[in-house]
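Reading through the structure tokens given below for one structure.
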Amino acid sequence: MDYKTLLENAKRNIETCKVCPECNGKACRGQIPGVGGKGTGSGFIRNYDELRKIKINMDTLYSIDEVDTSIELFGKNFKYPVFAAPIGAVKLNYGKLYNDYEYQMAIIQGCKNSGVVGFTGDGVKDETYEDPLKVIAENDGWGVPTIKPWKKEEILRKIKLAEESGALAVAMDIDAAGLALLGMQGKPVSPKPVEEMQEIISSTDLPFILKGIMTVNGAKKALEAGAYGIVVSNHGGRVLDETPSTVEVLPEIVEEVKGKMKIFIDGGIRSGLDIFKVIALGADAVLIGRPYAVAVYGGGTEGVELYTHKLGKELYETMLMSGAKTLKDINEDKVKILK
Amino acid sequence: MDYKTLLENAKRNIETCKVCPECNGKACRGQIPGVGGKGTGSGFIRNYDELRKIKINMDTLYSIDEVDTSIELFGKNFKYPVFAAPIGAVKLNYGKLYNDYEYQMAIIQGCKNSGVVGFTGDGVKDETYEDPLKVIAENDGWGVPTIKPWKKEEILRKIKLAEESGALAVAMDIDAAGLALLGMQGKPVSPKPVEEMQEIISSTDLPFILKGIMTVNGAKKALEAGAYGIVVSNHGGRVLDETPSTVEVLPEIVEEVKGKMKIFIDGGIRSGLDIFKVIALGADAVLIGRPYAVAVYGGGTEGVELYTHKLGKELYETMLMSGAKTLKDINEDKVKILK
Amino acid sequence: MDYKTLLENAKRNIETCKVCPECNGKACRGQIPGVGGKGTGSGFIRNYDELRKIKINMDTLYSIDEVDTSIELFGKNFKYPVFAAPIGAVKLNYGKLYNDYEYQMAIIQGCKNSGVVGFTGDGVKDETYEDPLKVIAENDGWGVPTIKPWKKEEILRKIKLAEESGALAVAMDIDAAGLALLGMQGKPVSPKPVEEMQEIISSTDLPFILKGIMTVNGAKKALEAGAYGIVVSNHGGRVLDETPSTVEVLPEIVEEVKGKMKIFIDGGIRSGLDIFKVIALGADAVLIGRPYAVAVYGGGTEGVELYTHKLGKELYETMLMSGAKTLKDINEDKVKILK
Amino acid sequence: MDYKTLLENAKRNIETCKVCPECNGKACRGQIPGVGGKGTGSGFIRNYDELRKIKINMDTLYSIDEVDTSIELFGKNFKYPVFAAPIGAVKLNYGKLYNDYEYQMAIIQGCKNSGVVGFTGDGVKDETYEDPLKVIAENDGWGVPTIKPWKKEEILRKIKLAEESGALAVAMDIDAAGLALLGMQGKPVSPKPVEEMQEIISSTDLPFILKGIMTVNGAKKALEAGAYGIVVSNHGGRVLDETPSTVEVLPEIVEEVKGKMKIFIDGGIRSGLDIFKVIALGADAVLIGRPYAVAVYGGGTEGVELYTHKLGKELYETMLMSGAKTLKDINEDKVKILK
């Protein structure tokens, strides 16, 4: 299978997504359930568009033996600085082909086979969280469960389950705090003050990742709460319309917390070139959401591997063409931010 | 009824407006009579577009009990900082379904039922001003009549009628001063110097709102004239083409008069997110025009209520997602203005 | 006849121009012969687009008796600061309905009847220059002949003819210096150094206008040469592709020569609002080209009058809505230049 | 034959290129093999678009005898500062009409006949490099062979062949270093450190041109390596997606190395106006790629001559219209860079 075939398969298999030539949030704007951004879709669209304004400084006058795309996180070594973002309720949002267990199996296995890791999701029903946990357990803990900002006791309970699954780390998408729909179904979510987050994070020895940070203040509070890392994320534009893009808030967050905690980022990242760009701006690694779903619907476990290696190859080439031998060599001098 | 049904009804019931997915002034440009902006429609279009350049800084790491969207104005408490803008001559501009009395009844009642207030309009014929006044009187004064800049005696007479109706406040759309058409029908309008405005405003104890301020100088003169508040407004682009948008003149006006008088704003505000944005830039409250007309034609009194609560819910969510517990917490730090 | 009918007539009568809703140079790009700008048409297009970025600061809180749109030039008083730009070879560029004599008759008479003045053109054949001169003579000298940058003797001869016609002033479109086509037909044109221009200008007592100035240096040289005024013009984008727009070079030219000579401007000016804008930036008056041709083909002499008064009325309204009682009151504070 | 006919012929003869009215990289984005830019095509597209943002300052008030467009390079005099860029594998990228020998014959002869010079290409097979060399030899050395960054021995061997052909100069497209495809076919390419480049360049007395420099650092290293000149180039967007445009990195490179080595540039240059612009920004001469291929497929040798003289005439006119008598007079004051 090549990537073109994968896309054609995905086009047939996904009911809600057009698998556009450029996955930029325009055709699907406002489609929730579905794959779009909320409201005008501007959060998703701007994520994609702003990444286009960062350009690569090409320079091939240097000596090189080998390019190394690997990264160490959670005490483990990964082949590329890439994670599959948590996606849940796939029957609702993508179509009836897979349930969450099947979907996550493709993600977790495909990621593991290609040297990276997938995040899994959470929901009102227990199985939405627990089915993917089983997949993680069946794959030597090769996954990061992501918990919603429920009441504290519920969170602590789910963290314990994550520990039991052998997961490498655990995450919370704190930006799901405004999903009134969850409260209506009897499982309210809410914003969390630093003190409560401290209590939650200190309850486990697992590295804890706070997903959904979009301001310097938010990043500082995450650090104060003891997080291992943050994901600079606007949830793909699905929890609040008209946020800035993630890449335009990244530099100010980097300036404040770089080196003190890990900085992940998602939103509009499509290629190895995009990965290169955000690392140049100070991110440690990326999460990628929708294109991984396309990979699953277009090729299952094999599709996930194919897409992961495609990303890796593009990152490799971009490093080669700009004189970066390791991820640490990718710095601000290697990109040009267009005005 | 849900909002989608409301829009479908409106599409059937309005003869001049396409009820576009984004109410941005493009499809209707130049249509007067009708719902468009004058000439190239740029005043209307820019109002909408410039609001898209303000983004919300999402932060959900804080402690919260309850979000309060209420505001106190004219010594009364309102559920949301929202007013329906004055719209008149609806048969001419929207279609034959309603006359001005019926239209205003839906506005005034719908607003009152949902905890906010509507403005009413004025025109060459006496009934254009007086019919809506009856509606206000029948609804415990729950409305703000808006008088055109006629000759002084006519204005003073109409202010007395407003007082008799029990209206909460009275307004003048001073930017109607260039409507030569009114003069041709025997009722000339004209710009008003500060001295004349002082005389007019001091003739009543009602809070007096000057609508149609687009410059710092204009705001200072309104303050000098004794106005309770101003509406930063370009009349939806209907009195002069090629003005700036209201949101781009707002900050300089806020810097000059904030705290000395109330600052309302209209122009392109469509959602609770937009309300949040202009409050962050220093406005006290907003007026919304065309979408309220859509609400009337799509659902009458019930439509007005539905749309008002939709706005309120969006404002509530935006406050929740950015850590604002009351309107006073919505400040410049909570938005990002894109370059 | 109203303006809508005029446009419909013009659409039928002009063979080369689509009479677009916005006359912005896009549909006709590259069409020479025809009405377009040269090459990509960018000179024409940018003229129009950049004017859209200047906005009017509306303010109606002031005292006003009457708005006066008149201007004094060449010792005469004109109703509006408006001139019809020179257009020649109309059979070639517009269609077979009119010859240059008939075309200019409509322009010169229509302008005179509405209180303004038209420029006339020049070409390889003697009659292209001399036929319009007859029209000027038949209308009490109410016109400004425009001479191409031929060899000096030819220019001096044509200036004498202009004097004999009783013309108010005489002009030269110095930016025609690169039209190689003219040289091929045996009448070469060329750039002119200051010394030669001094000799030419001092040969006559008529006010001399240099048309086609796009730089501060050019304006200084025109002043040194003794010109009565300049026209900031890129020849509607028809002599060189990819020039700046006229309105974006206007401010720096104004800063250098304002008050020392008259500053006219053309390029993309379509309405009284556009006239207001360039006067606010320091121009004394405007030339308008293509829309006057549309007026001729849509309504002859009457069309020219109708369009002139339309411009005048728009200028009047804009002055009324911004507190400018005379042209001198239109200054930089009355516009906002968008970034 | 005129240029319009040439374009029509080309449209018929090229299988992969639509010969668009504006050759801007949009219709062909991503088409490799073919004529497009890699991936999203943004490298090609931005080259073209950014050149549109530079405008010509028109001034025709000066004395002029003759405009001289000639330039001296490699100790020879050329009629225009124009070179045909190296294009190879034309059967694959353009269609079956010509093989590389035939294609290069049209380029080399057409260029020679019109007073300029063409570059030739290289590839995995020996004949891809050597067939064009024969053409150069048959045309008195009137060509510049371009070698890929192979292993050093292979490069040195090919330089010797270039010398034997009598070529005026020799070049290397160092930005081909990332073409993994070449390695798969048994001929790996790679980035080259300064030391290796010094050894390569010092092996020959021919002027050596390094093509594919996009950063100040790269330019400094090329200078250190002893290059006669560089080509500021992103390879038409075909080796790495999402690079800056060449014209936006040109000024900083000029500031660093101007006068110390020759600065060529390619990317989106289509007309004599574009040539004027980049010379104003500090380039010495330009390479033009795709439009020369269109000229070959549209008119063979004659087409190449026709296009070259078209460029020359446009450059001549632009110099005439801006007061530049020689290429040295074309400086920054003669252009305006739009913000």
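Chains: A, B, C and D, in written order; residue numbering restarts at 1 for each.
Going forward, contacts are C-beta pairs under 8 Å (C-beta built on N, C-alpha and C of every residue); 3 or more make two chains touch, one makes a residue touch a chain.
This structure is a prediction, so every number in the text was calculated from the model and none was measured.
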**Q.** Most remote chain, CA-based centroid, reference being subunit B
**A.** D
**Q.** Degree value of the rotation bringing subunit B onto subunit C, based on Cα positions, nearest 5
**A.** 90
Q: Between subunit C and subunit D, two touching copies, which fits better, same or different residues at the interface, with half of the numbers shared as the threshold?
A: different
**Q.** Inter-chain centre distance, subunit A versus subunit D - centres from mean C-alpha coordinates, in Å
**A.** 42
Q: Can you check how far apart subunit A and subunit C are, centre to centre, with Cα atoms defining each centre and the answer in Å?
A: 59
Q) Which residues belonging to subunit C are in contact with no fewer than two other chains? A) none
Q: Report the topology of the inter-chain touch graph, choosing from line, ring, star, complete and other.
A: ring
Q: Go through the chains and record each pair that touches.
A: A-B, A-D, B-C, C-D
Q. Hey, which residues of subunit C end up touching subunit D in the complex?
A. 39-40, 42, 46, 149, 174-175, 177-178, 180, 190-197, 210, 212, 214-215, 217-218, 221-222, 225, 234, 239-244, 248-249
Q. Which of the residues in subunit D end up touching subunit C in this complex?
A. 22, 52, 54-64, 271, 273, 277, 317-318, 320-321, 323, 336, 338
